[in-house]
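The following pair of complexes shares a single chain, subunit A, combined with subunit B in the former and subunit C in the latter.
The block that comes next holds the complex of A and B.
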């Protein structure tokens, strides 16, 4: 297992992430998951996600990016052991953890 | 003989030399108490004012969110809502109030109620005003405002003996 990947959403992806699916726009949660999260998890590498710096997150983006990992077949325990969330807003960290831990019961309408 | 009730001239002299100092100590201590109470009152007013401003922003955002979900919207409306939530969240976190872990939950629920469903989606639907999404927005807004008011009351309006009881 390697240490050390840090992804700053605002710098490496977009300051304006929006939408759940790729069909909703170029900076969707699905796109973020495919580009950054899944390749790293596939290699069992630890990753730190910095959420600060973005103008605002929609829950649909967060749910699809992180909760989507569970639907892709990763277990909550595995995701939580590899992904570290860094943010000055405790509610964002809480929400991401909630999606990872309860992805199967989420409402994605 | 009355040696106990009549101080010797030496003691009388010492007491009279301390009297001005004692007076000054009382004056300074009184000033410190009044000043700290004044500062506390001003801080309380300032926080109440900030809190009222945040609550007003939350209510404005509730109206914008309901409008977003019940009318044809565009990406800019969605972006403005996300930015507003971000501002409100930051302002709440910077308030000098004792916000416990439950508050992260309240804020997350607030964000979710507005932006989890039917949001930032090319399949955005115009929802009826009695839709569950609209109900959830109202409920999360009320809960958030109530929690903020409770946190303020706990910090500034709770009698001191109740605070002691809580600590024990």
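The block that comes next holds the complex of A and C.
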């Protein structure tokens, strides 16, 4: 991870995030969670994620990256207390919070 | 009888000579054509019009593709795709045809040789060159595509969700289309790419081609008459077949409402309807809803989604459904977005 506890998705991961699982593509939500979110949360460190600068975020990417943390065993409260989302699009932040709070429902088509 | 003058006689001799020469040339040309086609084991005639949203033309296109797949399974054969009578090639049907050719050539041991016979319409030959078909078949056309309808065709293919491919064929439209539209297109395209894997597991009973499914996709973009057309397709099992196993809850809702065997178009519509976002924000959505979200960002946009027999059409917010007799054995999504009146690059 670069820049301490700040992750800029476009710079540190990819400008083209897409897909849910690693098998979907190289820059999937699962890959992002494994590379950046899991190691930080495992150490109980606070983390700021900058979402700006990418082409776009598909729902499956966001759900798997952030909702997947709940399925990995972290509580919603714990995740929300450690992760800060920075974005110029408020609906993105809202969506991420929704995925964390309702991660058990995975009825995406 | 009046006797001819000298000049009249010379004229008649010239005319007779030219007629004989012409007849001889014509005979030679026919013989040459005959010898060219005679060396092929099978000649498959391409349809006059490659269109998917007309029942008759669609039938011809699918027959054409089915014939190619059938004859390519035979070993050590020479096949000629005869485009001589083709006059129109629309992006959807052309992409589907090219996808099948790519899949045939992606196999490691292909013993069949495929060549194509050029159309009498020069524009069609330019299209064949522009979409890279001639390159795949190892043919050369000494003609650079110049027609405005042809030069703006862009082509990409891949497997899985490869967002960077968006840049290859649509990156140049940055500035010519709004950022919201660009983002919407990106989400729609990457969602379609992701779905190729989820809709691509084997279903031998329902596949008329009996091919090994892959997670490959093929994409075209074309700028024409102030509109940007983007088409992406896969050769998977299609949304109506994948939905019952992938999303049993959604399928249960559909069947309880519409009965056990709903039409493909209705399944597509319901699959999109049940994938709305929980956030309630119009410009965000999840799953298949992301395919239609792009239309919310621009006026006059259209979406046509073909999956197996079904066709889901959105135009200016109005949804229309249609079911065709024959299945395309895959999913094809086409967006048409006006770009002329949007903010333009400096």
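To be clear about the criterion, the second predicted complex is superposed on the first by the 102 of 109 C-alpha atoms of A that agree within 3 Å, B and C clash if a C-alpha of one lies under 4 Å from a C-alpha of the other, contacts with A are read in each partner's own complex, and residues count from 1 in each chain.
Keep in mind that, in the parts below, a contact is a pair of C-beta atoms (placed from the backbone, for glycine too) under 8 Å apart; a residue touches a chain by one contact, two chains touch by 3 or more.
Because the structure is a prediction, the values reported are computed rather than measured.
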| item | value |
| --- | --- |
| Overlay on subunit A: subunit C relative to subunit B, clash or fit | clash |
| Partner chain in contact with A:80 - subunit B first, subunit C second, else both or neither | neither |
| First, second, both or neither for A:102, with subunit B first and subunit C second | second |
| Touching partner for A:20 - first (subunit B), second (subunit C), both, neither | both |
| Which of subunit B and subunit C A:10 touches, first, second, both or neither | neither |
| Partner chain(s) touched by A:56 [first = subunit B, second = subunit C, both, neither] | both |
| Which of subunit B and subunit C A:38 touches, first, second, both or neither | neither |
| Partner chain in contact with A:88 - subunit B first, subunit C second, else both or neither | first |
| Overlapping segment of subunit C (options 19-27, 37-45 or 325-333) - the one that collides with subunit B in the superposed model | 325-333 |
| Set intersection of subunit A contacts, subunit C complex versus subunit B complex | 16, 18-20, 23-25, 55-60, 63, 91-92, 94-95, 98, 107-109 |
| Touch list for subunit B against partner subunit A, complex | 75, 78-79, 81-86, 89-90, 93, 101, 103-108, 111-112, 114-122 |
| Residue ranges of subunit A in contact with subunit B within the complex | 16, 18-21, 23-25, 54-61, 63, 88-95, 98, 107-109 |
| Contacting residues of subunit C [partner subunit A, same complex] | 160-164, 166-167, 182-184, 186-187, 190-191, 193-194, 197, 243, 246-247, 249-250, 271-272, 274-275, 277-279, 281, 283-288, 290 |
| Subunit A to subunit C touching residues, read off their complex | 14-20, 23-28, 55-60, 63, 91-92, 94-95, 98, 102, 107-109 |
